[in-house]
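Sharing a structure with you now.
By letter and in written order, the chains are A, B, C and D; residue numbering begins at 1 in each of them.
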Amino acid sequence: MIEERNIEHQHGRDYYHEPPPAPLLDTAELKRWSFYRATIAEFIGTLLFLFLAVSTVVNYKEPNYTDKCSRIGYLGIALAYGGVFSVLVHCTSGISGGHLNPAVTFGMLLTRRMSLIRAAAYMVAQCLGALFGVFFVICFTNSDEQQSSEGVVNVVTRNYTNGAGLVAEFIGTFVLVYTVFSSTDPKRNARHSHVPVLSPLPIGLAVFVVHLATIPITGTGINPARSLGTNLIYRSTTEAMDDLWIFWVGPFLGALAAAVYHKYILRAGAVKALRSFRASGSSGSQLPV
Amino acid sequence: MIEERNIEHQHGRDYYHEPPPAPLLDTAELKRWSFYRATIAEFIGTLLFLFLAVSTVVNYKEPNYTDKCSRIGYLGIALAYGGVFSVLVHCTSGISGGHLNPAVTFGMLLTRRMSLIRAAAYMVAQCLGALFGVFFVICFTNSDEQQSSEGVVNVVTRNYTNGAGLVAEFIGTFVLVYTVFSSTDPKRNARHSHVPVLSPLPIGLAVFVVHLATIPITGTGINPARSLGTNLIYRSTTEAMDDLWIFWVGPFLGALAAAVYHKYILRAGAVKALRSFRASGSSGSQLPV
Amino acid sequence: MIEERNIEHQHGRDYYHEPPPAPLLDTAELKRWSFYRATIAEFIGTLLFLFLAVSTVVNYKEPNYTDKCSRIGYLGIALAYGGVFSVLVHCTSGISGGHLNPAVTFGMLLTRRMSLIRAAAYMVAQCLGALFGVFFVICFTNSDEQQSSEGVVNVVTRNYTNGAGLVAEFIGTFVLVYTVFSSTDPKRNARHSHVPVLSPLPIGLAVFVVHLATIPITGTGINPARSLGTNLIYRSTTEAMDDLWIFWVGPFLGALAAAVYHKYILRAGAVKALRSFRASGSSGSQLPV
Amino acid sequence: MIEERNIEHQHGRDYYHEPPPAPLLDTAELKRWSFYRATIAEFIGTLLFLFLAVSTVVNYKEPNYTDKCSRIGYLGIALAYGGVFSVLVHCTSGISGGHLNPAVTFGMLLTRRMSLIRAAAYMVAQCLGALFGVFFVICFTNSDEQQSSEGVVNVVTRNYTNGAGLVAEFIGTFVLVYTVFSSTDPKRNARHSHVPVLSPLPIGLAVFVVHLATIPITGTGINPARSLGTNLIYRSTTEAMDDLWIFWVGPFLGALAAAVYHKYILRAGAVKALRSFRASGSSGSQLPV
């Protein structure tokens, strides 16, 4: 809730420090350890995310578990997904940028913040991590009820159409990727140099609230790697595979929309205004953006 | 919990960096893209706020939903409203100041932090955003129970009088706008330059606690756009329209009181003391404020 | 979790910026508007704290309230007290230091961070604010069940002795005041200049966890003004007045213990070591503290 | 979610400010008050952690407690452990580094951030603090149900094998220590100088989410001192002592794995790349790490 006009003027000089767009193909990157390190961090991060979050859901389905009142409910599940994601974004943000989600990586690629090679490597690492994470949970669970896919697999629930599920995934991912963009906006970084450290909190909160809103509709994916991991490992129902496309198309469209909104409405407007400002020949350190 | 006296002395020189009051009519603003960008951000932000928060309430009313123990309860609903608001304030604060609430905009206008034109544009954007957000939820819901207005629409509940509802809305909005002022206080900004980034958290927490306290009284509005959106779209009961004035008058009076308290008690005192300080002819860098 | 040894060495030069102890009687203070402003902020802050927190408890006791599953439970009550306190500390910390609790003010007085006059004014303002806050809740409530003092008034529950209640209040307040000292430690401020802004969060979290631990024992006071407000206004049981001393003696002893621990163990040790360091005649910029 | 490549380049010059490894045996340390002060802080911190967290569990087992719906459930217990740990890390981080957990101390020792002497002193203080903390809870509890060890003691539950319990403790502690390393990474500190202050939040969140995931498996230890305290004081079942080794071996292995992952994958890679960079004879201020 900052008075945007004043702050922008004060920090006018910081305005141009935007990094150049990352090259699409940057083969030099392949020679750097930081590339492999980041890919490993995405793999381990997504593995831990799925392991902890799915464990939480599965453990509370234990049939021997007599005291039903102690169950954590949907609120607890939403807190688990949001909380685990926040912790792991915190852990990996200094190494890989802390995506842990192909939709986030796709958004970063679209806005040219990372090369195509790196984006592809991240997505493969995330999907493998998710598969291994869910697989380890399966190794743990022993009762039939725990092994049922209910509450773990992403499917559109009976009461909703596929279209509704797609829209829910689209909007949920839009909110998540919009939050990520708002945290990593280089213009914002220039102003408040410590934003990255604070990002894990709003990002985790975004995951939490999207889960609260959409668990009853789709079980909440908003992360293609997460849906791939759960639906491929828990193949108990045919719907798990039939609906999987929704959890890839929805999130990628949501990330695309967030990238377009961020780049063409929120940021490109600045460029347009800048052009008209230059054309009008005015000078001085204050920008009329 | 800072030792206010010492810090004020240390930072005495930062004391005057307060921005000048915004002009009431600033037509130059209409030529800047940042004006339209901010208005769009308020529209999209309020739309997403209503869509996610109302979806959360509506989805947990699903009748086919057998496991009642898993319901999120009032605690979950309060967390949804507070959490969604916090995330979207985070997303929009760098673009529009992150109001998403006509009462907040009104408070900012009263303390001359924005022009009348911008305030009017924000309020229209917020109301339209709220209407579209609730409308999209309606398009999703299919069962009768989900479409009932219970828990969504802001009405004074049977056990309370209209006066009690008005007071609840007044105090709730006072707390919210007081929190916003405390986060954006330019004096505070001078001391801790990174406050704006941290604002979304206390602001979301304020929304959360006000919901906890007043959901049983009015369903908690404290945001005229939110009440307009839900009560106009869900016109199932006559009360929804009859009580709507409470959710406009209460919040605007609360914002007015917060602005008066902030400007005349907390801040104008500084001015008075400053005057007496100058009159007493003392000098040096330490201010006796 | 910082590597304390290194950081202390790096910041050795910041070590002495500790403010001088506040005078016990500072009559000049009475001529400053900031004194009255701070006292008003403590009054309004404590009033809002009690109003919102007690409203939350009272509203969920409504007998017409059919859906018992939606009740917020003890978790919600603890979140309400912690959350409301955190929001109001955030709002008032820039004006009065954000105490809102006579035990905190007592701790600050003991460590000479404020004058006796200011401490007395704060405590009177806090007690009056608490009384008015609870009184306004009473004006709202209409059903008999709501007006019962259960869950609002601080009394030692049947299963515990007065001694146990006193210890619970002692330890709870110790943790709260210890958290406040850790946030306002001038040595820490020197290192991380933005600590004050972050204080409301750990302080609110401390209030939350102490409530979780001690609600079943005493209803959790850890704030003499809060206990005075509820027990004086809700005089329904004789225990409410009989037990009140526990909620004054316990918190003040807890604040005293926290002040002693902070001053003589955590901080005076530094002074002792400093003396031995000087005696040993070593020189250089690194302090062996 | 920072664009790691750019930030690393910008801050290239800060890269080498890594503190030298702490000596294994630093007898000079024994002459400094800061050593004893830190050990006392670890003792008091761990005592308060166990007292508050175990009190929370125990109090909600009260048989006279009629309103079962008000119980805080597993969600509340996880919030208690995470919240109390976060508050006490906040309180002690400026004095001792805020470990409060032998596994964290072990991780810090392995990465040479503290001497062997200090690590041993911390671990003894933590175990003694945990024993006293649980002992004080025992003094408080009076009913038979409260004194039962259920939900307090760390044992592998009937449905899981010892191997599963060991893996759960291993992964849980890995996540906690990984979070601590990510918060205290000196490279990260160089970039964002205020990280330490923010650490308590992600660290508490990590403890919370690990509890959500593993309470049904082992009751969640991830802290050898905590398990020692509860299992030694509550010796009601033979399992409490039989299973204790799992809660020492699992966490220490988890901390070892986190230290190896941090040092050899995430950080040593940097060294390797640096070597190849020097060998290739390139120059300039940009590091290809």
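Everything below uses one rule, namely that contacts are C-beta pairs under 8 Å (C-beta built on N, C-alpha and C of every residue); 3 or more make two chains touch, one makes a residue touch a chain.
Bear in mind the structure is a predicted one, so any value in this text is a computation, not a measurement.
Q: Give me the fewest steps it takes to get from subunit A to subunit C if each step has to go to a chain it touches.
A: Step count on the best path from subunit A to subunit C: 2.
Q: Determine, using the mean of C-alpha atoms as each chain's centre, which chain is farthest from subunit C.
A: A
Q: How would you label the subunit A and subunit B contact, same or different, if same means the shared numbers make up over half of all numbers there?
A: different
Q: Working from the CA atoms, figure out how many degrees subunit A turns to land on subunit D, in steps of 5.
A: To map subunit A onto subunit D, rotate by about 90 degrees.
Q: Measuring from the mean C-alpha position of subunit B to the mean C-alpha position of subunit C, what distance in angstrom results?
A: Roughly 27 Å, centre to centre.
Q: What residues in subunit B touch two or more of the other chains?
A: Within subunit B, residues 69, 71, 73, 75, 183, 194, 198, 201 contact more than one other chain.
Q: Looking at the whole structure, which two-chain pairs count as touching?
A: Contacting pairs: A-B, A-D, B-C, C-D.
Q: Where on subunit D does subunit C make contact in their complex?
A: That would be residues 19, 22, 28, 31-34, 36-38, 40-41, 44, 48, 51-53, 55-56, 59-60, 62, 64-65, 69-73, 75-76, 79-80, 83-84, 86-87, 89-99, 104, 108, 113-114, 140, 142-143, 180, 183-184, 186, 193-194, 196-201, 203-204 of subunit D.
Q: For a test of understanding, state which residues of subunit D touch subunit A in their complex under the given definition.
A: Contacts found on subunit D: 1-8, 68-69, 71, 73-75, 78, 158-160, 164, 167-168, 171, 174-175, 178-179, 182-183, 185, 187-188, 191-192, 194-195, 198, 201-202, 205-206, 208-210, 212-217, 261, 265-266, 269-270, 272-273, 288-289.
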